[in-house]
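Here come two complexes built around chain A, the first alongside chain B, the second alongside chain C.
On to the complex of A and B.
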């Protein structure tokens, strides 16, 4: 009896891993086949359509990076008379508010909203909701304070909204401080796999392209209809992505709309950030699982992709458990293991990296013309094993939180030290 | 105690895989030859053109014409130089 239970669990877990393997291969081949086809088309779309745009910048203790972003915002090529920039100073205890005030005084299209200590510090979703009340643009874009966009990013993001079925848009995130150390290099690899291949393929295949929380935005009317950001969910971006699709709209991804982020540069910050993402994703899984299954606005293809997306942070747990059940089956002398043992390591290699498998990352690097960096890919095996306990802890906290009705949505903010500043000059030099 | 041939060959295979995978990675990490992140699409000419709302394709055609006429002018000047007065 135990043998058969173990065998069914083993087949189920291995099958799930195999589904991801196939999915990632389809993504990689799709992007490889369609590389550079629609680039010019997207650009022409962007120049014809110019709605009013509100840019939201939630900021809490960002004195080391906020000026860099605000200066860049003043250099954007989008008509300033159609732009409203709202900096939401979320009860900062440093000079963030003062720096933003300086820019408000100098530029008429920049506004600052100061949140006091009593209402501030409740997380990004609450900060964004405060900004949303002030926003009057037809389109609302969101940028984190540590980001550094390309000058024509607004045109590229907003151009997607020509299509009335598009509810949200997302641009590409590139790591600014990549050369800093091993952590930033590995995050850069994950980002390349995720944004150069994974998101691009989902967009091309009309699956669930994901709004990533920054470097993207929404049709304001839709966002207000969805009641803004859910303050009880830590992955408010994934939550909104699903809400947009469930409302009958779609998210479009534009790989040309590049924005540079300052990645965390140490393992402790990496762990905290991934723990928050894992927990938030799992919260989204519990919130949206049945709505996705029952939705009449999603096709079969989209439903499958949405479920795989929601399930993604459970996968390191699945990989570990499949190893464990495999070992137990060996102990029971099961012939099943002899047939299927090879599947587990094959599928496991699909999760090397932070859920963007190494072949996706390799192809992403190839498409970016950075073949030399492919040599670093073997290091990603460490992030897989590093992510396993993080996801286990997140799973434990979310499930116990649900059982005992505890609030697990405590936002731990990532600190930005301005380490990306010295690389901004390099960007232009490397480009020429 | 002498290890069995199976253990020895396994150990050698594992050591070789690790060396093959990680040695190039360590070298690239210590002495990177890649230039790092770069702006892939923020081209100053394209930015200027988008601000002026001039389609890129027209400029490319214009550049071709300028290039062709420059070659013609150069050939003409070369011929003038060779004329003896």
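On to the complex of A and C.
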């Protein structure tokens, strides 16, 4: 009896992992096949569509990075008379507010909103909601303070809203400080898999393209109708993505709208960031699972993709449990395990880092014209093993929080040390 | 040569490669175990379906594919021999441990060789200056 229960669990878990593997394989093939067409069609979307745009910059203790972003904002090619930039200084204890004030005094389109200690420090969602009240643009874009966009990013992101069914848009995130160390290099691989292949494929296949929390934006009217950011969810980006789709709109992804981010540069910061993401994603799973299943505005393939997306941070746990049950079955002398057991490692690679399999990352690197970065791909297995306990802890905290009605939405901010500043001069976008 | 012709040629050679690989796998059935053969099949499917679609000379891709299969065969053969000897020395428990860790060991050569071959294909693209 126990043998059969274990066997059913093992087959179910391995089947689930295979579903992700097939999903990412389809993504990779889709992007590869579309690579030629993209080169011909890219740029054709540029139009005379120029709505008013509000750019939100939530910032808390970002003195080392905010100046480079604000300087870049002043260099944007979008007409400044249609631009409103709102820096929300979230009770910073450093010079962030003073730096932003300087720019506000120099440029009429930049505004600063200072939040005091009593109302500030409650997380990004609360900060963005404060900014949203002040925003008056038709489109609202959001940039984290450590980001460095291309000059024409607003045109590229806003251009997607010509289609009235588009509720949100997302641009590509590229790691600025990639050469810094092994951690940043591995994160860069994850980003390439996620943004060069995964997001683009989801957009092409009309699945659930994801708003990533930054380098993207919303139709302001829709965002206000959705009551802005949910302050009780740590993965506010995934939450809004699902809310947009459930409201009958879609998210469009533009791979050409590039923005450079300063990735975390040590394992401790990586762990904190991923723990927050995992917990937030799990909160979204519990919040949206039934709504997605019951939604009449989503098709079957969108529902399947949405559920796979919501489930993604459970997968390291699934991989571990699959390994464990497989282990028990082997010692029971099961004949069925040997074959399925073979798929486990390849499936494990499916959940490496940012949950992109090695072939997806490899193809992304190839399409980006990278020469030797592919050699780092085998090292991604370490990030998988690192993510396993993180996801287990997040799962434990979220479920116990639900059972005992504890608030688990404590926002732990990622510190930005300005390590990416020295790489800005080397960017190809600054070559001219 | 036109792009369509190159694509058709690639498809034809991909098909022939798969036929050749299946033949090799059947032949090698006596030398290596069932698990090793499945790991070779996984490698071949991933290689033929993805890097074969990238730019680069067909010869180079076929050479890399053949080299990958040889690496996989040698890797599995050596590890199988090692497992047999170790099981003889340390008891049957070692074979169970080997079975548990075999997928992980297989993934090491599959992923590493796959990643390595992409760097060669990139160079090939640079050499020829062909657009994707």
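The rule we apply is simple: the second predicted complex is superposed on the first by the 417 of 432 C-alpha atoms of A that agree within 3 Å, B and C clash if a C-alpha of one lies under 4 Å from a C-alpha of the other, contacts with A are read in each partner's own complex, and residues count from 1 in each chain.
Keep in mind that, in the parts below, a residue touches a chain if its C-beta (ideal position, glycine included) is under 8 Å from a C-beta of that chain, and two chains touch if they have at least 3 such contacts.
This one's a predicted model, so the numbers in the text were calculated from it and none came from an experiment.
Applying the stated clash criterion after superposition on chain A shows that chain B and chain C collide. Look at A:372: by the touch rule set out above, it reaches both chain B and chain C.
When both complexes are overlaid on chain A, the residue A:21 reaches neither chain B nor chain C. In the overlay built on the shared chain, the residue A:175 is in contact with chain B alone; chain C does not reach it. By the touch criterion defined above, A:29 reaches chain C but does not reach chain B. Of the two partner chains placed by the overlay, only chain C lies in contact with A:358; chain B stays clear of it.
When the shared chain is aligned, chain C comes close enough to touch A:327, but chain B does not.
Contact with chain C, but none with chain B, is seen for A:346 once the two complexes are overlaid on the shared chain. Stretch 78-86 is the one of chain C that runs into chain B, the other listed stretches 60-68, 78-86 or 96-104 having no clashing C-alpha atoms.
Shared interface residues of chain A, touching chain B in one complex and chain C in the other, are 370, 372, 375-378. Of all the residues in chain C, the ones that touch chain A in their complex are 34-35, 38-39, 42, 46, 49-50, 53-54, 96, 99-100, 102-104, 106-108, 110-112, 114-116, 118-119, 121-123, 126, 131-132. On chain A, the positions that touch chain B within their shared complex are 40, 43-44, 46-47, 77, 150-152, 155, 174-176, 178-179, 182, 185, 188, 256, 258, 260, 368, 370, 372-373, 375-379, 423, 426-428, 430-431. Contact residues on chain A toward chain C in their complex (touch as defined above): 28-29, 32-33, 35-36, 39, 326-327, 330-331, 338-339, 341-346, 348-349, 358-359, 362-363, 365-367, 369-372, 374-378, 381.
Touching chain A in their complex are the following residues of chain B: 21-22, 24-25, 27-29, 32-43, 46-47, 50-51, 53, 55-56.
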